[in-house]
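Once you scroll down, you'll see the structures, which are given as structure tokens.
Below, chain A partners chain B and then partners chain C, in two separate complexes.
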Partner chain A sequence: MSEHSPLAFEGAWALSPAPESSESAHIADHYGLFINGEFVDAEDGGRFDTLNPATESTLASVSHAGQADVHKAVQAARNAYDSVWSKMPSRERGKYLFRLARAIAERAREFAVIESMDGGKPIRESRDIDIPLASAHFFYHAGWADKLSYAVSGGTPRALGVAAQIIPWNFPLLMAAWKIAPALACGNTVVLKPAETTPLTALKLAELCQDIDLPPGVVNIVTGAGDTGAALAEVQGIDKLAFTGSTQVGKSLMRALAGRSVRYTLELGGKAANVVFDDAAIDQAVEGIVNGIFFNQGHVCCAGSRLLVQESIAEQLLERLQARMASLIVGDPLDKNTDVGAINSRNQLTRIEDYIDIGKTEGATLWDAGQTLPETGLFCRPTLLCDVAQSHRVVREEIFGPVLTVQTFRTFDEAHAKANNTRFGLSGGVWTDKGSKVFDMTRRMRAGVVWANTFNKFDPSAPFGGFHESGIGREGGLHGLRAYLSEARA
Partner chain B sequence: MSEQRLAVAKTYKLFIGGKFPRTESGRYIAFESSTGEFVANVSRASRKDLRNAVVAARAALSGWCAANAYLRGQILYRIAEMVESRQAQFVDELMREGMTRDAAQYDVQRSVDWLVHYAGWSDKYMQILSAVNPVASQHFCFTVPEPVGVVTAIAPRSGGLFGLVSVLAPTIVGGNTLIVIADAAHPLTSVALAEALHASDVPAGVANMLTGRRDELLPQAVSHDDIDALLSADLTDDEWQLAQEQGADHLQRQPQLPTSAIRAPGDDGLEAIACLQEMKTTWHPAAQ
Partner chain C sequence: MTEVTGTDQLWRDELTRQPAVDSVGVAERAARFQTRSIKNDSKRQGLLRVLSMIDLTTLEGADTPGKVRQLCTKARQLHQSLPGLPSVAAVCVYPSLVEVAKASLADTDIAIASVATAFPSGQAPLSVRLEDTRAAVAAGADEIDMVIARGAFLAGDYTRVFDEIVAIKQACGAAHLKVILETGELGSLDNVRRASWLAMRAGADFIKTSTGKVQPAATLAVTLVMLQAIGDFYRRTGKIIGMKPAGGISSAKLALHYLVMLQETLGPEWMNKHRFRFGASSLANDVLMQLARLHDGRYQSPQRFSRD
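On to the complex of A and B.
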């Protein structure tokens, strides 16, 4: 690849390892469930291990919550809602959230290290994105607590009660913040279930809840696998279910809620088009494509996983993209030079590799830069699948890994037709230097978040969520609050 | 002209894609007055008719949601004018459906007023529902509502013109296209409304009207992959369970209006528009 890879250092310019110390990460041998302000073991004593995907070694064991534990957590949340949280002046409520924001910021380094150890994401991302954004989410929503009457048009907004929240493994602490912060700001209490492969930062957040004297039961955390999530969706006494995860599970949760008066928001899968026109700034577009699909190993629901490039520049763009991909460093998540860390779990690695095989069977041309991967741990090279068609599974289905499909288009109309030809509708990207083309395209894209001449940007004040099978409802910003208030629509 | 003249009876048909076809199924509902007299054979729409209506509504969507807000407001206002000018017809149909004359007149008048209310919303709801987001980076970031798409509305069992208008107006003023499943016990008014829509510059396919049985059409409306949302106000518990279970297969949006919203004009007109909008957040760099 050397003719395409002026930035690939070919060994001569290899960077020395720059590992972040894991000494600051205090991980206990075992974590219980966090119910009513205390860590308790599961009633049946169930436990499971959480692994470091970069080494596949065990980091800690955590309790596996069953139905009885989930019931207990919901009861604790209900009691806290009835006796404390719903009666507290909103300004006081907000101050707890400000405390949480500060507490996360104070221990940001420790959280970043644990996030990278437990989930495999590069320390550069957990340090610069996940943890600061999580803190910012609490800070943003803290300020809403005493201003909610401005968030709905007319009437007095009221909390819903107990919110059950189920989050995925790709942004563990950030997703916990996305869920907990607006729920608490609006006056609800919560029972949160982290993903089974990444429970640690949520449990460390539970420690912060103790540190800041959050009233017991306002935040409860039940760890476990899919059965724990199902129990949480089915338990009586919840008023709201917020879920982030796969479209398939989202649909089954929606069925589980049929006929019950439980409000819900769903953040599900995606297969976003990243559309590059011939008048785009090509180097910026290449950076945007790389950030769009290789950020967090492609474990991103809004990843720009379908590249649509105008035919006239396709060859040139692909050449530069391949050169850039050859310079990506795949390896130790704790190394500050690492661009692409470890795949989150063996299951997910298998799933990604299966999709790459499916792509080959369907006739795709596979390309990767051939980086040397670490000998142990779960890793996958950033991969292109070229010569694919709209009907191919690798174009239609979410892979959730560092795999980008490449298609071309000739006209504007063909571009938005292809971009919208999907059951999903979470995000999209467009690259062009022409302002009117930006807005023509962003207007036509059927997706909840559209990035123009940028990609994968997030902010507590910016509503996020999907059209179609990418979900129902919004999280973040003004519009996200409405999902936790009873004045808003069902 | 004193000799007896035989009245010319109207054929009550469906309204699909701007045309008035009979149901493809050839089936009918024999509609009787409250005193049990035969009034008319009304088309009993089939699942195939619903599918045809979805095709028409989908085809009309891109043009209607791209129509500017001022134009949509003008057209809503035109519907109000058409209903007002056909007051006598609506009152007659409502009385055949069992209303007293006074109640029918009142129902028509406030329906017109509610259409006018929504005509005025066309170029305002976006300002109220939108936001510029103060993100902590050098980007211009804003969130605006967009129509959810093709909507099926279940007309309230309570009947009346107002019930129809309360689901029709907020749906189409927001740029969606619509299929109304009229209540089987009140089919005459819905056909009269379709005729008024036809005369109001509403583009073909934007609003479609099916008379038929709810129990037959609802399962199809919630499981049809190309219907983005179901708007209702008075589903029974069983209907609601069915709608949610089957709608889950394609994540159909299923907002419910409060029953107060289908009975009388209130101050929650915006909510009915908002529940059929998707929020889109757009980011663009604001520094070079």
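On to the complex of A and C.
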């Protein structure tokens, strides 16, 4: 090589902005409540705005459902159940689900763009993960609709009736699909309440319900904040409540349900351990750690938010992890190259920043790669809290942001003791090149989902749910169907 | 590190201490680079950089002085109507044609690379391969692309593989040494990582995926594993080793994704022709076509680009 010639190029190669066009996103100025197949305003005229967290500008105003609206929605669901949905042959029900699956896939780009605008997640994720998975959930459950007798043993499966469903803001359309698809496949009708910061894709889904001629009242969507959710849990006439959200709200919903014959499933918080042994494929483990905690800005209930790394490789691993974190692009959610988008709301950003401060006060060593953040909007750098211990609050409590705590362990026994030393139990991860260690560790971890040599993989056929304060019941797969069925004896 | 030239067992111990490689995870990471969207100025800058990193290659039994001279003309003048193009990094030819290439490119910065060591199989006695190397260097090669003894590697005869690389390196003198692992014959990514380590320990200046004569040749996944091994070697020794994927990279778009991978894996320090090369014969024209489109706003006919 001609060392005397000047280098043709020096230094970093910067990627030009590659924004996804928002032209495909048709967002109305205002959305009403979707009750009995029509968009209607709230009885008291209440409205609230939904914002784009990347700019904090208003995207649309949305009706705020009160008790009367919730009651009306549940009545509509009851009527639809009694008069249409419960009488329809199951294979016909399945056809509606297939239509919804296809309709979502056909309008995937629009859904992805709106999801990223309303929620702040990178377009790469909404395009490649959220929207295709939402469609896949409808496809999967469409197939079950006329085969439910194979899902239960020794009885005739029956629908429960009206299902009330409350979903969070981290995967708005995907959570709607997780809730609506199995409920409808099993013959129930639903009243769904999306989160107040991310109502748009659920409302666009309501438009799809109209487009495919779903009978009115089978799917109802009531938008609002915590009070609307509480009203939905308290209203008479529901047969089932499915909730995904915080442990705190989950507990209050359980209280509201106490003594009533309402079945429920709760999918709550988490603080998953991601355990890396010294024989792990270290570069792939680093990638898994990054996917585990920085996917969707860490707004993931099953995020691998506690890194437990064997002390003998801790230094090597951290060096690689930091190098990888430095290559993460933080910024405009609609840019196709963005890895970490906007924090969903100002409240959540404050909460994350508070936890980072708590970590510092508790003695954690803070590290981030120092990416330049956009001047406006709600952003947080991927952050490590090193030198922490089980007794730290940042290790014990769910932060729900791009913040990873880093602890070391010495032995296998110490690893699973620390992994299980939490009030949560939603997910976990194990990284080792040794098969026997995978099986031993996954058997000991008290968590609903444990990934080995990978993380944050989802499939409609795989049940999902928690131990302890991470929730009750399972969603997805066969187990998820059973949560929407009663087994009447033939 | 201490110089290990001892037994195969010592080598086995050192090589099995290399980090394990999970092929599923590697494939996933490799796919992720391909989701990067490279537009406008970053595309132009990237394409120019790709051009400057190409080893323009002809390795056919039918190669003649005429063919090589024409290839060298192409290397000097990639495209007549695009201003500000860099030249390619090197031309790569068989040892018997080094002299021709050297004469054609005497007044340029373009290096002459030559595949020596009984390329592509390497199945000749060491003395022959050493002579092959010396002849290429004597004829004026600036860079030698050697193949390792894959059979010996797979048989666990690591000492032999190591010693041969050391000997070839010595025969290279001032010429730089690129060590071809022929990853398509190594069977696993774990072996790729180990062979990369062995080659770097033995004194390779570059490690290279393939001869181009065996399928699969270069892939993003294999290159990623080798880049990670280079990163390890740098962290351990402070020595910077270069990387050359070769064979099968014929589209500009794929080449840009290699650049993304390089930058995100090893950082900007590796983003130049002294540390990264593409071994390719048809890549340059696709890059030129894309550059012409960026320049003129429309695609031109492939016939407007010279094929030598």
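In this text, the second predicted complex is superposed on the first by the 475 of 490 C-alpha atoms of A that agree within 3 Å, B and C clash if a C-alpha of one lies under 4 Å from a C-alpha of the other, contacts with A are read in each partner's own complex, and residues count from 1 in each chain.
Basically, a contact is a pair of C-beta atoms (placed from the backbone, for glycine too) under 8 Å apart; a residue touches a chain by one contact, two chains touch by 3 or more.
This is a predicted model, so every value here is computed, not measured.
By the touch definition at the top of the document, which applies to A:W85: first (chain B), second (chain C), both, or neither?
After superposing on A, A:W85 lies clear of both chain B and chain C.
Just checking: does A:V438 make contact with chain B only, chain C only, both, or neither of them? Give me first, second, both or neither.
First partner only.
With the two structures laid over each other on chain A, which partner does A:S153 touch: chain B (first), chain C (second), both, or neither?
first
Scan A:A14 for contacts with chain B and chain C and give back first, second, both or neither.
Second partner only.
Let me test your reading of the model: by the given contact rule, A:Y31 touches which partner, first (chain B), second (chain C), both or neither?
neither
May I ask you to decide whether A:T454 touches chain B, chain C, both, or neither, giving the answer as first, second, both or neither?
both
For A:P463 in the superposed arrangement: first (chain B), second (chain C), both or neither?
After superposing on A, A:P463 lies in contact with chain B but is clear of chain C.
Looking at the overlay, what does A:F294 touch: chain B (first), chain C (second), both, or neither?
So A:F294 meets neither chain B nor chain C here.
Going by the contact definition given at the top, which residues of chain A touch chain B in one complex and chain C in the other?
Comparing the two interfaces on chain A, one with chain B and one with chain C, the shared residues are 453-454.
Note which residues of chain C are touching chain A in the complex, please.
On the chain C side, the touching residues are 19-22, 24-26, 28-29, 35-43, 45-46, 48-49, 52, 86, 89-90, 109, 111, 142-143, 176, 228, 235, 259, 263-264, 267-268, 271-274.
State the interface residues of chain B toward chain A in the complex, per the touch definition above.
Contact set of chain B toward chain A: 128, 131, 133-137, 139, 141, 143, 228, 237, 240-241, 244-245, 247-251, 253, 255-256, 267-268, 270-271, 274-275, 278-285.
Can you list the chain A residues touching chain C in their complex?
Of all residues in chain A, those touching chain C are 1-3, 5, 7-18, 124, 128, 279-285, 287-288, 319, 323, 327, 336-337, 433, 453-454.
Which residues of chain A touch chain B in the complex?
Touching chain B from chain A are residues 136, 153-154, 247, 250-252, 254-255, 257-259, 266, 268, 423, 438, 442, 447-454, 457, 459, 461-465, 467-469, 471-472, 474, 477-479, 489-490.
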